[in-house]
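As written, the chain order gives the labels A, B, C, D, E and F, with residue 1 at the start of each chain.
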Amino acid sequence: MTEPPPLSHLDAEGNARMVDVSAKPVTRREAIARARVIFPEGVLARILDEGVPKGSVTGVARIAGIAAAKRTAELIPLTHLLPLSEVRVDFRVGDPSTLEVTCGARAEARTGVEMEALVGAAVAALTVYDMCKAMARGIRVTEIALLEKTGGSGGPWRAGA
Amino acid sequence: MTEPPPLSHLDAEGNARMVDVSAKPVTRREAIARARVIFPEGVLARILDEGVPKGSVTGVARIAGIAAAKRTAELIPLTHLLPLSEVRVDFRVGDPSTLEVTCGARAEARTGVEMEALVGAAVAALTVYDMCKAMARGIRVTEIALLEKTGGSGGPWRAGA
Amino acid sequence: MTEPPPLSHLDAEGNARMVDVSAKPVTRREAIARARVIFPEGVLARILDEGVPKGSVTGVARIAGIAAAKRTAELIPLTHLLPLSEVRVDFRVGDPSTLEVTCGARAEARTGVEMEALVGAAVAALTVYDMCKAMARGIRVTEIALLEKTGGSGGPWRAGA
Amino acid sequence: MTEPPPLSHLDAEGNARMVDVSAKPVTRREAIARARVIFPEGVLARILDEGVPKGSVTGVARIAGIAAAKRTAELIPLTHLLPLSEVRVDFRVGDPSTLEVTCGARAEARTGVEMEALVGAAVAALTVYDMCKAMARGIRVTEIALLEKTGGSGGPWRAGA
Amino acid sequence: MTEPPPLSHLDAEGNARMVDVSAKPVTRREAIARARVIFPEGVLARILDEGVPKGSVTGVARIAGIAAAKRTAELIPLTHLLPLSEVRVDFRVGDPSTLEVTCGARAEARTGVEMEALVGAAVAALTVYDMCKAMARGIRVTEIALLEKTGGSGGPWRAGA
Amino acid sequence: MTEPPPLSHLDAEGNARMVDVSAKPVTRREAIARARVIFPEGVLARILDEGVPKGSVTGVARIAGIAAAKRTAELIPLTHLLPLSEVRVDFRVGDPSTLEVTCGARAEARTGVEMEALVGAAVAALTVYDMCKAMARGIRVTEIALLEKTGGSGGPWRAGA
């Protein structure tokens, strides 16, 4: 039976550390993450159908997600600052109560952009929450997860594959 | 049948705006939010039981959550900068695969601290994810939601009440 | 003949300082500033008329301006951090080559929000520039100026009045 | 008759995006931008001639401009974070009412530093405004424009050439 | 024999927390801190005497110290964001090898500005170090300490009194 | 007798500038800096011996130091933004009144990481101060200095060597 790999962000005494990535090669790194905003019944339909200009809410949330992805190294303490070459944030209505957010990030870097994609998706989703919270209590942000990742030494990875 | 209240962050043409709070009174505002980190089976137990000094992961995540709550106005575009008088981030093991994060925020302010609590909980949870991701793929952050809120003109609110 | 008032941001030896505002009363402060984006002939019409969804450019610029106004104290070294109660950024087509940006800011504070309004207008205008620069060289941002201001000890002020 | 190039910061549906620069080569990128601070008649002469130690105002504004240029990716939403290898901010008295600011930026990067130079010039000019505004109402910041640019696939560009 | 007061930034289990200051009154808080930059023999004299325009180094360091004091809440994790009403940074040559930096901070607030003054002094001193390090190895920043503090429930405090 | 090298952060007229590093090669840069926190007699022993869970104070300070090192380019005006590949912050009890902090930084870059190491050590030390200041007045942060540095054109350097 195999041991799980150790927690790379802790040294032998349990002290936090940034992982040293200086010996890793610069390669193209990509990651896509997802978050879901779940609305109380009927609320999302009202936002989409009545009176709210298309894109007003998601337009703001997209910018918030892109900006947050670029600032991941300030938010998640042990991450490395990565000069992202692209960030995309997209929205899609899933079932009638769900707005699905995806964030794709890309960089030529020594370490992956997984956290950048997750932070971008999470902050975009929280911005949707913020803009809609006066209309309905009980909105939730859920299922924040990595969907796929390429470019690291472990090879490509895809959720559920 | 009542109309839902309008999206306060959009004006009549759908343009984004910060809500003008200058006429609101300064009152004590409090909010508690929650996020859940869901681990693949067996992983959380290994992190808790074997070799990882207690608090190593959550200690880092707590600081990340507090710092992020204080910077909410930089992350969520239409929020107001609020001088928080307290932020707390706590962790609790729920079922064997779940680490539950709560973030409580407080301010004497003209508007609520709901987004501050949510951002604190979300960033703390994402920091746990970051620190554990080398040990196991497939971790998710889920059920980010407001648990309770006091101090606004709408009176106290509690999830599920 | 009257002396001009001294430069309040310099002490007697010419050293920079933040002006001490602790003795001033907290009052409602408002300011509106303007910036103009001047396009080469025909370019603005194409952006407005052909194919660019209404609000795509200005929607991004509005968020950038609001966010920048909130961060004025980080950008302009001797300004005080002010908890803004409202920021508005609006756009209007002036003559066929001009997009006019206005930014209004408001706070209950010990000092004015003039710089916040100016920074918001300037960064919104520069964001329009950034989004349109691939379409045409030679765009300029011009006439960044205060339009009006209320709430200080000097009484209300209006440009050209 | 040629079509103008599309707005690269919008996708086909008008949604904002960071342009993917990952396939572009790293080359030396340089840009110089200008901003003008226009003073009411006589004011600039008094600042320069009487009592204000040389460099007191421009020394502060220079640091503000350099710092802002380094933070362009936080201010202009769709720009890429670029590790600048140099930023210069210079000041020159033009006609008796004009202080001219130039900002030069340089990087080894996959995309240009045009916005960095513009942001540096604009924030330096606004800092001059901030430091002088107690002395005279009606100062304006104007003619923010790119003067020259080298290093991109489009070849060198110079204003008015 | 009296117990030392507990570490207010830790709860009973040793978890970090921001101290809840919401019940404290808003009062005028002031603090002055000091840092010393120690130069290898002869170096400071050369900087002061030969060719370096007066204020060139300290002018930059002053702005850096003021800016850092305003951002203390982003740097020191458990501090509260305080809207400072004044920050001053001053420099004085002590013995021939010592440049003494003082930073005074002031706010109308629920908690003290001690950390703001210390951060301002430390960052101003480190900026002097940065600007002079090409001229001489072995510069040190030392004796960062609070000199005095007023406005808290503990009454005024002065070092060495 | 040799002239000291000039202050590279000033041009011939004494104006501040970022040094142009674009012509320098990218090499591995490392630096280690130290800061000391000096406690009044008996205080450090009480913190270490009685009741404070091991690592509670230093755990927070470590994260603060790492985060600050990553943000050096925002704090020290004329430094270049460097994508750090590693930051480490360590603590060691020296004599009974001294907690010694070291910060090591590493990057593949065109210029050195000396300031990043110094900022990391200084902010970690100030965070220790902040967390312990309620327990004892008179704590000082002292002896902030570079211990060693490798990777620049000047060859490796070590304090006291």
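The rule is short, and it goes like this: contacts are C-beta pairs under 8 Å (C-beta built on N, C-alpha and C of every residue); 3 or more make two chains touch, one makes a residue touch a chain.
Values in this document were obtained by computation on a predicted structure and should not be read as measured data.
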Pair of chains joined by more contacts [C-beta pairs], B-C or E-F: E-F
Between chain D and chain F, centroid-to-centroid distance (C-alpha), Å: 32
Distance between chain centroids, defined by C-alpha means - chain C, chain F (Å): 37
Multi-partner residues of chain A (each touching 2 or more other chains): 14-16, 53, 55-56, 59-60, 63-64, 67, 71, 74, 77-78, 81, 83
Chain contact topology (line, ring, star, complete or other): other
Chain E - residues contacting chain F, complex: 4-10, 13-16, 43, 46-47, 51-53, 56-57, 59-60, 63-64, 67-68, 71, 74-79, 114-115, 118-119, 122-123, 126-127, 129-146, 157, 159
Complex contacts: residues of chain C adjacent to chain B: 28, 55, 59, 62-63, 66-67, 70-71, 81, 83-88, 90, 106-108
List of chain A residues in touch with chain F within their complex: 14-22, 73-74, 77-78, 80-83, 110
Touching residues on chain D, where the partner in the complex is chain E: 53, 55-56, 59-60, 63-64, 67
